[in-house]
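Letters A, B, C and D mark the chains as written, and numbering starts fresh at 1 in each.
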């Protein structure tokens, strides 16, 4: 695959929301949106901790025993975090030059959706609808992405996966065809009486088998079915070595490039035309002429 | 493994069916069989969509509830697709120079088998036989291969797997021996009373265990059996690292060759015509002439 | 790891049994023990087929229904193969110079054990003991190793695994410690009432979990147990990436060495002293002098 | 990742406990703490065997049947090992220059904790508390680490994992987010009636599914749930190819560096002292002087 169609992975810059020129809004902007000052870094770390704690509250609230015994405590925490994130949302709106652009952008919507469910629960105290809406508070987890997008390793990981994108898609389409064909064969061989009640269910079973998950909720009962299933497991393992190979090959290349330094194979000596010089070479290793 | 016995992966060319010289048959041929004109590409995309939709109808039709509640709708769709593919089959027959060669070739048979089951269901309205025959309509999925065979990534994936073919076969034979030996040992140790009713069943269990699928429909009950099974799991994981290693090693080599560019393998000596020179070679390693 | 302590993988040569100088014994020896004549190759292929068929008979004989319905047919086949392998064993004894050395060697014992069980069943017609003894006939599968040991790929695979031997042992010892420690923790946390009846059973469960087999015959029931199990699964997957890494790194290196040709980095031009020449280079790529 | 932030993996040296200058304490120190004399090596091997046997006794003692039938024998062994390790602990204290530093260090605490539980069981003969305390004897397994820390392969393995530390942490955080989000979705889709009783339980199920363990104690029952689970399995496999890729890329690089030898990184320019020259470089790439 040529490098040209490998997508550039550019993190969304907060600059597009408009950085105020000076004053308290500029100082607030630097703390809230930037991460290259001590105050900005502390704000980001505090925000990540607050988000993780608020997610923990939502998760614990879903445990029936905790919801029953500690409803008031969990509710207090929830309202505390809702207030905190509401203030933060207002501060973000207040300090950017183009608030509408922020509010309608991906992270603006996430920031809003992360606080709205709590207020909705005031308006509609019915318990049925409440559950699913409260879950929306978990969208806060996406806010962590915003803060970690600048971490180099995320970018690297994203680049490696993005570069392997087409190969992985091709591989996935082959796997889906194998799941369709082998699932259908098992549907015909085993039939509804052994749990393969329809082709979609048989395809679910084929996915469970070929990814080596193997729940065991549906298993082959006939001898022919067991033979086909054994074949599928070996095939599945063989096929599934492919994504590992794709990702590893990509990573090995990048890893070596990182250690070897960039542009090793591209530099050419103007005097003798030899190639393969190190990126930091100052003299040609073949003729000794100074490198440009 | 020397490159010589690595098989060349040449996609079956439709040219062998005979390209008509000119006229409406030539124009139809270009649209149906070729993919390098806008019309040809649009035809291919439309056909893939139609095939995927017709497969979806077959899959949904196997769900008992949908089959009962929406029988008429699914039936109508099915006849629509059958009509479409019949017209397409007739058009293919009509526009190639050697229709018999097409009709008896792999894809001609697939194209025919993809429409026949619907017509058979008219002749034999019994519901018993119908199921298995209707499943044959899923053969349409192989038609997608014909259209996607030209996609570069499929060819690459096929080449990498084909080059590792012998190693994978050797590996598979070792795995099968391990499954036979360890399955038999477990059959002796655990015996029919714990679910290991015969050596084939024990081998099915050994496959389930060594591929790390682990359904749990048959599990060891004796202490010795559990110890052997634990050993098998660790062995199985160790052994199964091998295909990943084979595929990854092959892919890493190909990946690097792609990125390193044609420098090494493409440089040709003007004097003797030999290939495979290093990018920085200044003299031909075969005849000693200066390289350009 | 230095190459010095990498073990040399030398297949056991049949020459040590003593090759007869001439006559019918020499001709028989060439057919039975050698594989480099057409007759020798045909003999080997025929023997592999006979062994595989005799194994199939043993495997099918273990299926209760087949054993009951086709006892006579399976018995006849078994005696046919026993006669065949007895004749072959006698022929091997007859044509080697040092028959005792063959008979007491690994393959001589295997060859004998592969025919003895059938004769034992004549002497002791009790059905209880019979089962386990008949299974011994499966030892024939090891005879296939003898014939396939000369196949290059087996040797390569063996070499790659042998070279990684120490790393894999180190890895295995770490895994066993993790299984011991985490299994014991789960034994304390979950206890006998949830199926973790002893530390060995808990270690069996830990192996099932960390190798991602996951039978589901024993599963954590307490919240703490589920949390620890989740941690173990992620740890297990991380740890188990290591053997894949070990084997893949070894294979990638060997793979590249195969394609680059041997001794690329070792050849030195006598004229200019440059290195990195191809194994088949006849002229120095740096100064154009003829390579020795 | 630059090499600078790769942590140096330095094994804890026993020298810090103070090596006595001469006399019986020096001779004892050399045997107990050093491994480079024959006596020191024999002591280490004997200690590893004693530790492994004492661990085996603890493990076997947890099996109810063995605990009931062989209580006296196991008890005798346990007291034998306790006496042995007590003497060894005293000897260690006696022969180092700074006994307090040893006693409060990691291995000193481990050595003490490995013998204390047996003495505690004398003081408190209650059977309830005893179980958990006796398990502490398994801490002896960590003492093996102390002895094997000097083995080169452990150090290598540790270095490879430590160098990939940040990438693995980044990967783990992505996996945990996916488990949180997909587990919550399944909690909403399947609900408590299908076994997904709370978000933590659903996250446990998501971990079981994405690591391909697949116990089958909780499985999706709705069609939508099965579709999401199938997607998760394929995603999980794809995501989990990443740690294999990370570890393999790191190992391949280290492996090649070991085999390629010091040619590239060790050559030093006699003129300017720079390093990292190619094996075939004829002029220093940093100062342009001719390379010897």
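Heads up, the rule we're going with is that contacts are C-beta pairs under 8 Å (C-beta built on N, C-alpha and C of every residue); 3 or more make two chains touch, one makes a residue touch a chain.
Since the model is a prediction, treat every value here as computed from it, not as a measurement.
Matched by residue number, over half of the contacts between the chains of B-C recur in the interface of A-B, chosen from A-C, A-B or B-D. Taking the mean Cα position of each chain as its centre, B sits at the greatest distance from chain D. Ranking B-D and A-D by contacting C-beta pairs places A-D first. Comparing the contact residues of chain C and chain D by number shows a mostly separate set, under half of all numbers used being common to the two copies.
Here the spacing of chain B and chain D, counted between their Cα centres, is 42 Å. Averaging Cα coordinates per chain places chain A and chain D 29 Å apart. Contacts with at least two other chains are made by residues 200, 203, 212-216, 244, 246, 248, 250, 252, 276, 286 of chain A. Touching chain D in their complex are the following residues of chain C: 1, 3, 166-167, 170-171, 173-174, 177, 180-181, 184, 187-188, 192, 197-200, 203, 209, 212-216, 219, 223, 226-227, 229-230, 233-234, 236-238, 241-242, 244-246, 248-250, 252-253, 265, 274-276, 286. Against chain D, in their complex, chain A makes its touches with residues 55, 58-60, 62-64, 131-132, 135, 138, 141, 144, 148, 151, 153-154, 156-157, 160-161, 168, 172, 175, 200-201, 203-204, 207-208, 211-217, 240, 243-244, 246-248, 250-252, 254-256, 258-259, 276-278, 280-291. Chain A contributes residues 212-216, 244, 248, 252 to its touches with chain C in the complex.
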